[in-house]
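Letters A, B and C mark the chains in the order given here, with residues in each chain numbered from 1 onward.
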Amino acid sequence: MKKLLVALATTVAVLGIAPAASAQEKAKICFIYVGSKTDGGWTQAHDIGRQELEKELGDKIETQFLENVPEGPDAERAIERLARSGCGLIFTTSFGFMDATIKIAAKFPDVKFEHATGYKTAPNVATYNSRFYEGRYIQGQIAAKMSEKGVAGYIASFPIPEVVMGINAFVIGARAVNPDFKIKVVWANTWFDPGKEADAAKALIDQGVDIITQHTDTTAPMQVAAERGIKAFGQASDMIAAGPQTQLTAIVDTWGAYYVKRTKAFLDGTWSTSSSWDGLKDGILTMAPYTNMPDDVKAMAEETEAKIKSGELKPFTGPLNKQDGSPWLKEGETADDATLLGMNFYVEGVDDKLPQ
Amino acid sequence: MGIVEAILFSVITAATPLVLAALGELVAERSGVLNLGVEGMMIMGAVCAFAATQLIGSPYAGILAGIAAGAVFSLLFGFLTLTLVANQVATGLALTLLGLGVSGMLGESFLGMQGIKLQPIAIPLLSKIPVVGPLLFRQDAIFYASVAILVGVHLFLFKSRAGLKLRAVGDSHSSAHALGVNVIRTRYLAVLFGGACAGLAGAQLSLVYTPQWVENMSAGRGWIALALVVFASWRPWRVVAGGYLFGAVSISQLHAQAFGIGIPSQFLTALPYIATIVVLILISHNRRMTLINTPASLGKPFVPDR
Amino acid sequence: MRIELEKRAKASALFSILSPFIALALTILFGGVMFALLGKNPVTALYSFFVEPLSEVWSLHELAIKAAPLILIGVGLSVCFRSNNWNIGAEGQFIMGAIAGSALPVLFYDWQSPLLLPLMMLLGMIGGALFAAIPAFLKAHMNTNEILTSLMLVYVAQLFLDWLVRGPWRNPQGMNFPETRTFGADAVLPEMLASGRMHWGFAFAIVAAVLVWFMMRYTLKGFEITVLGQSERAGRFAGFSSRKMIWFSMLFSGALAGLAGISEVSGAMQQLRPVISPGYGFTAIIVAFLGRLNPLGIAAAGLVLALTYLGGEAAQLSIGVSDKVTRVFQGLLLFFVLSCDALIHYRVRLVWDRFAAVKTEEAH
């Protein structure tokens, strides 16, 4: 074995292609993905952001990525590998990479890290997130207008604050239009299983909902909604192709703008740690075209979007009650970011129970 | 459609791939070959079925491609385990690994494409029967195929000479060999059939269940199919019962959630697995019945003496 | 042309050493062609896979971390498989061991003591063993097939862990994210050397491999396992109970899987999260057979498989292939290793002429 390895190593050395640090001056910007870069959902959205970054700053930087990295010790190894291979700025794009990022960052003080959707920072670790809930609020309003039965079905992945926040924003938006609006929640306990997501959509429709919204990654629920002739919302990317007559709008994750902004700061030497939580106004999420709805609903949606962008409307503004009817926010009071990021309770109108 | 019919309809769609793959694996195991690569063959079937449908434009071409892909992939397993007598358990697991990788590579250019759904075929007269008609006689070709395969496998195994030989090979390959049965050829054919069925099950996933291609879309269904064969103690009808039981519990738990019964979803999601165990305990008290149906040579390599 | 095998009278010592290298050579050949067809430099690719992960100290540590659970679980499973008990639910036992062992640092967060770590390891083994006791009991006393029960229980364990870290065991200071508190210092399995992250879990794996090797080779228990595995009848004549063996082998492998679980959590993660294993319990089945169910072979196989994971990552970076390609390459390697093992017990002959084959058959 050893001989063989030595032989191989020599061949490599002779051919002069040993993967030693290249003499290029381009800065290396690197990404760690939890899924496959073509998963059609979360990871793909990040990869599109990476491609935009390359397009924008390709003359100054090159990008590298590792995909399908399991959370835990594997993530630590993968991040360390990137740090050692000369990456200057590393984006770790899943919540589960948080502690691994912090640990490796402590070892490599000269490398900058950006962790998505977490809450731990360090001098060389920033966090970034997107106010997806702003989009969900708009969707809730549309749902309340479009639903004849006043009940929407919500296919959820896992009970984490991000998802709970989304459910609440949707309900608050819907109830702003129709105070009696209700939603039914099904937890698929997966991000990614088209069959199961389809089954969940079918179950919800069979129980009488006439709008489907999802917080899972595949287009399967959209396909089912199309088949059954009801309306639905897309998730993470524009899913209009899966339901040309079905999709009302979709929340599209558009990370590219943020990646470009931070990379520029990194190149300028002005990068410093921060916890950024951008929203519709910053372009970190965008709404897919409002389709398959009457003009007045579309106008309402556009108006809401504009108000959110201008800061005039904040979805989590009182008066709001918690699920059991106890008061949460007083008239005019808005929820602070810390509460939202750790959200673990439902607001009034959700027909489900959260595991505590 | 009433809610009960609606639920049953979802159950059939969810159970068909399990039943198909399990019936195929059952035949392979009856011949004494344990192929743990069902998941890999299934995902190959799914990607090839989807690709062929896109390229040729007909889901029926997709079905054929799915069957072929599963079969070809199973031949790889057969070559290793039957010709080169490699360990069956490890080879099967490696096949699953390879299948997930190869399907991901093949499918890359088909991601995000809109699938073409295999349309149901209404059977004249029968489809008019209330309740049963729409459920059983307004289905797609793959469902009908699963029924035909069930009946076929049952008749073949228990009513035909060839089936008797196959079971003999699975029970004692040396005796079968002594009686002049070509053990290796029988096993090759059984493995091939298992692969074809797994491929067809994969085709159902990407043409009927969710007409799209995404990586890893089989999401562990091959493993459930394997468990179902054991659940059925190697009897075809029980495979079907098990598959539909599993499907029914899976769908019902989603309905229970949508209904809002307030039990943590993790417990509800675990129900199909627990239910399968409990039912297996209830039906396996009769040790002799189980032994009779268990292929005694399962997983054991055979090399003819010369 | 066809291939004929002829059983050797005795396993070939030469080929049992040589066959992995033949397999490696074939993998390099076919893998090289595959990379070339994909338009990648095969030399760089193979270098990344097999050499790069071994060329740096930190990476060797990572190799040990990745291999430790595979070896520990695989060694336990070898006892099961040798005694003909088909425990394929080691993944679940790994998880339950991790949960049981983590109970102390999670529930008694403030308790720091040198006793803590040994107790955690012990609890981990008990947790894994108890979870394996379910299929053991069902097989031994209810006649229920262990392949199904152990596999189905994997899903149950995964969902149970998921519920725990999102519900009762969630870190109260963790913004309601699904993970437990980070363990206190006394609950962390220490690193073995200053030069990297490798922790004592790897030592457990090697010790377990050596002990089980000794047991299988030199003790009565080892003989009992082998005899019962080969023939229940023969075992009964020798006075061995197959029912007791079901219990022994399942609990034993469950305990090792549980130890692997708690070592991984305590040594490499320091907390529980919704997913703590990328399928170690299943991969370890391959490892067990790659190592030919011999504990020392399993240790080697675990290291080789871990190497392909690390190498796959290195290749993603150096030649820019997707991780699917690296998985296919891994599959290739496994196939070649498994098929080359045929050389140990059989003489392999290519028969070119149909008639020649018929003639030899007649001659017999």
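Heads up, the rule we're going with is that contacts are C-beta pairs under 8 Å (C-beta built on N, C-alpha and C of every residue); 3 or more make two chains touch, one makes a residue touch a chain.
Keep in mind that this is a model prediction, so the values were computed, not measured.
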TODO: Please flag the chain sitting at the greatest distance from chain C, going by CA centroids.
DONE: A
- [ ] Could you see whether B-C or A-B has the larger number of C-beta contact pairs?
- [x] B-C
- [ ] Provide the C-alpha centroid distance between chain A and chain B, rounded to the nearest whole angstrom.
- [x] 35
TODO: Report, in whole Å, the distance between the mean C-alpha point of chain B and the mean C-alpha point of chain C.
DONE: 27
TODO: Pull out every residue in chain A that's touching 2 or more other chains.
DONE: 36, 159, 189, 355
Open item on the list: At least two partner chains per residue is the criterion; list those residues in chain B.
Closed with: 104, 108, 215, 264, 266, 269
TODO: Hunt down the residues of chain C that sit against at least two other chains at once, touch-wise.
DONE: 159, 162-163, 166-167, 322, 324
Open item on the list: Per the contact definition, I'd like the list of chain A residues that touch chain B in the complex.
Closed with: 36, 38-40, 153, 159, 184-187, 189-190, 192-200, 202-204, 206-207, 209, 218-220, 223, 227, 241-242, 351-353, 355
- [ ] Could you please specify the touching residues of chain A with respect to chain C in the complex?
- [x] 1, 4-5, 8-9, 11-12, 15, 17-19, 36-37, 64-68, 70-74, 76-78, 80-82, 84-85, 95-96, 99, 118-119, 158-161, 189, 338, 341-344, 355-356
Open item on the list: Under the stated contact criterion, what part of chain C meets chain B in this complex?
Closed with: 3-7, 81, 138, 142-145, 147-149, 151-153, 155-156, 159-160, 162-163, 166-167, 282, 285-286, 288-290, 322, 324-328, 330-332, 334-335, 338-339, 341-342, 345-346, 348, 360-361, 364
- [ ] Mind listing the chain B positions that touch chain A in their complex?
- [x] 3, 6-7, 10, 14, 104, 108, 111-112, 114-115, 117, 205, 209-212, 214-217, 219, 221, 250-251, 254-255, 257-260, 262, 264-266, 269
TODO: Flag every residue of chain B that touches chain C in the complex, lowest number first.
DONE: 76, 80, 83-87, 89-91, 93-95, 97-98, 100-102, 104-105, 108, 215, 223, 226-227, 230-231, 233, 264, 266-267, 269-270, 273-274, 276-277, 280-281, 284-287, 290, 303, 305-306
